[in-house]
Amino acid sequence: MFSSLKKKVGEVLLPGDEFSYDTDDTISLTEHVKPEKVVCGPGLRRSGDRLLVCKSGVLRHKQPNMFWIDSQQRRYVPAKGETVIGIIAAKAGDVFKVDFGGSEQASLSYLAFEGATKRNRPNVQVGDLVFAQFTIANKDMEPELVCIDSSGRANGMGVFGGGGLLFKVSLGLVRRLLSPNSEIHSDLDQMFPCELVVGMNGRVWVKSSSVQQTLIIANLLQSCDTMTGPQRQELFRRVQTGAL
Amino acid sequence: MAKQYTSSFIDKLTYQSNRSVMEVCGSSNVTLREFGCEQSLLSRPDGSASFIQGDTSVLAAVYGPAEVKVSKEIYDRATLEVLIQPKVGLPSVRERSQEQCLRESCEASLLLSLHPRSSLTLILQLLSSFLNAACMALMDAGLPMSCLFCGVTCAIDADGCIITDPTAAQEKKSRALMTFAIDSAEHRVMTSSTKGSFSVHELQQCIAVSQKASEKIFQFYRDSVRRRYSKTL
Amino acid sequence: MKDTPLSNCERDFLLKAIEDKKRLDGRQTYDYRRIKITFGTDYGCCFVDLGKTRVMAQVSCELVAPKENRPNEGIMFFNIELSPMASPGFEQGRQSELSVKLNRQLERCLRNSKCIDTESLCVVSGEKVWQIRVDVHMLNHDGNLMDAASIAAITALCHFRRPDVSINGDEVTVYSPEERDPIPLSIYHMPISVSFSFFQQGTYLLVDPCEREERVMDGLLMIAMNKHREICSIQSSGGIMLLKEQVMRCSKIASVKVSEITELISKALENDRKARKAGEKCGFAESMPQERITALKTDETPVEMTDVTERANEIIQKAEPPLQTIPSLLVPAPGVGQVGQGLQNTWGLEEEEEEEEDDEDENSGEEQKEQTKMMEEEHDEKEESREGHVVQLSDSEEEEVVILHPETPNKTPKNAGSATHQKGATKSKRRQKK
């Protein structure tokens, strides 16, 4: 199955496509057959002895044996450990209800901020933006967010958002933005210096020297979803020189 | 789907097919009109698609997995709601029955258990071969599905000819009308809705024709998705 | 479903941008977004794209009895449908405040302005008049639904053709489009609504607000005007105090915008008329953008059906012949008939399967059997997927371990499958403990 998966890497797959493992006709009695292992990411499901594709998109592979489907979805489904931008929707007792664009609101304890104690409550208002991480995210339970890492440090998380603009892009673009040594990021960095917060849920917050500059970056990012690298660079260059 | 037959069986088959030549004539009618689709054309919904086939066009939009009303919550799977908006006036009984037909088709292909206690809303505008638009929209929204489906309509006219993908005028003149939803994995019939009278033989022929036609549509799905991802390969 | 809340950050930024005379999409204060008008294949169907806002209008007609107080006037009926397709916040079949407001405004704009000659819609005075129904469906909500709806409605009305009728004594004949060319409505003028939103208690003004701008605005002024610069209706909402000069300024802007839009509409109508006359293809299929990466089109494709007959025969051959036994009729008492072999009611058992197959031909037994077989297979599949499901113990459902080449190759596939299931389960359990 590993080889058949490997063959399809980089190809577009549709729901309903299947992989089944190619059983050898002859099984050697003397040699010990080492069981192959494959780790299935989003978009791939195991059903019995077959592997089903359940989302449309491009098959990706990461060494040694990880496979997943890269799709351009717009609705976010939470996953443990991912960081998102949430909007505080309500205060309910000692937790905040946070809207992160998923199917239900996540809870965020007021103690889950750096330096917060029972006496020293963080200053968080309804409508504020938080950058937080999922500690609980599965389909059967209410998702839970925290703004501290395991050692109690903020590590970049917490309330933010003075003076910047929040907007939505597709989840595929966010993943491309966040991938290590991403091209979009470096292009942006060179031409339009700005503060950027990117949540896995498709929300991006940007702040730059002026309102004008911030708006330009926001519109650029929204438009570069369906562009190839050269096209994007060309656009960036033209915008920078003021041609557009 | 290749199968081995014994020779006597084949004899029988040829005999049968000779007899039924009278029923299946005018194979020139067995075409699909030109069709096209556009995905993600609306900005608000999580997934949207328009499907155009000849003169008919449908617009479909999906929201979900999203918040669900407590009264509609199901603890182990997602609630699927299908709304069909007629072009003129308010939804009537006809729309309700179409909604139900479509919901059952979608439920069969979606993996609803992956998103319990959430809602999926599928809204369609303008009517005709709504199954294809619905499937494209679900796919665009990136919802987990076990397979794709497509809808094929066959009409049998007064002379017994099978017409696939009939126009409105052909539909009016036809003796019987059958719509099938066919899945992509094994080309089985998921839903069938028929009108008028026909023989068992004709039904089986229509199913077989639809299965053939569905291959074209699935190829089209694949081409359009491939085109969409062509820049991120 | 709830709409996404607006964060404080967005609100502050928008207001600050408006102060700087900047807008989210780079427009100037008085700019409209791009307007695109397309028509459907049949008369009276019109799509309007205003930026990302998308609206569809469909006009239909019907012969009805007139209102008693106006026996020789046709009836105009407007209906705005806020379909949940447009925004997750809209609900199906519920009259929200917004839909009432939009409906009322559209009526004032198009009915009360007397832009349509209703007297020409009278067929027989006091008995039969045409009722013209305009359905406006919102397809995507990105602000300024009213302007888009008014453009769509008036364009659809201009595009619409009603069937011709003739009166012969008491007889009214309605001709189909093939018999006699349908007749357009007589429209005196085209009122178009232009919306202005106000910020900071009327200090700042924007034309054609988008959805996020609408959310932070203080007040809204809608002016419906025709190209002769006659105001057809004017409505201010949001409880904002406007000065006389502001209203005057808005009406001046509106007159410019209305003349631009009117020109666009007449151009679109003209193009469509030409295309129809030349017998070209028109409608959505032609209006679909070809250059977009998300769009694809194919030409007419023939379906190859060489072995179709054989396949059909094969299936019929394999199926069992239908039951030939004709149930005998039993008459237990006069006036009561009973059909069936036993006297027991078997309806309860079959009911589940009946639902889907109501419209199937009843007397073909094997066809039903085929269907049930298929349904059973489907059930099996569902069962299987659920089975695969229970195994997942890990927190995030995305990680799943598949073991290939299970060490017991002699077993049947089914068993092998369950074996891997169990192994998978123990594996993931172990993983959790770590």
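The first chain written gets the first letter, and so on, giving A, B and C; residue counts start at 1 in each chain.
The rule is short, and it goes like this: a contact is a pair of C-beta atoms (placed from the backbone, for glycine too) under 8 Å apart; a residue touches a chain by one contact, two chains touch by 3 or more.
Note that the structure is a prediction, hence the values are computed from the model and not measured.
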{"item": "Longest centre-to-centre distance from subunit B, chain (CA-based)", "value": "A"}
{"item": "A-C against B-C, pair bridged by the larger set of C-beta contacts", "value": "B-C"}
{"item": "Where subunit A and subunit C are represented by their mean Cα positions, the distance between them in whole Å", "value": "31"}
{"item": "Interchain centroid distance [CA atoms averaged], subunit B/subunit C, Å", "value": "18"}
{"item": "Two or more partner chains touched - positions in subunit C", "value": "293-294, 385, 397"}
{"item": "Residues of subunit A touching at least two other chains", "value": "45, 47, 139, 226"}
{"item": "Where subunit B touches two or more other chains at once, by residue number", "value": "40, 63, 66-67, 111, 114, 119, 146, 228, 231"}
{"item": "Touch list for subunit C against partner subunit B, complex", "value": "1-2, 40-41, 45, 52, 54, 56, 58, 60, 79, 81, 83-88, 92-93, 133, 135, 137, 139-142, 283-285, 288-289, 292-305, 308-317, 356, 359-361, 364, 366-367, 371, 374, 377-378, 381-382, 385-386, 389, 397"}
{"item": "In the complex with subunit C, residue positions of subunit B that touch it", "value": "9, 12-13, 16-17, 20, 24, 27, 30-45, 48, 50, 52, 54-55, 57, 59, 61, 63, 66-67, 83, 85, 87-91, 104, 108, 111, 113-114, 119, 121, 123, 125-126, 146, 164, 188-195, 197-201, 203-205, 207-209, 212-213, 216, 220, 223-224, 227-228, 230-231"}
{"item": "Subunit B partner contacts - residues on subunit A that touch it in the complex", "value": "10, 12, 14-16, 18, 43, 45, 47, 52, 54-58, 70-75, 77, 102-105, 139-140, 172, 176, 226-228"}
{"item": "Subunit B residues touching subunit A - in the complex, by the definition given at the top", "value": "40, 46-47, 63-68, 109, 111, 114-119, 139, 141-148, 183-185, 218, 221-222, 225-226, 228-229, 231-233"}
{"item": "Touch list for subunit C against partner subunit A, complex", "value": "4-13, 16-17, 20, 22, 24-26, 293-294, 384-385, 387-388, 395-407, 409, 413-414, 416-417, 420-421, 424"}
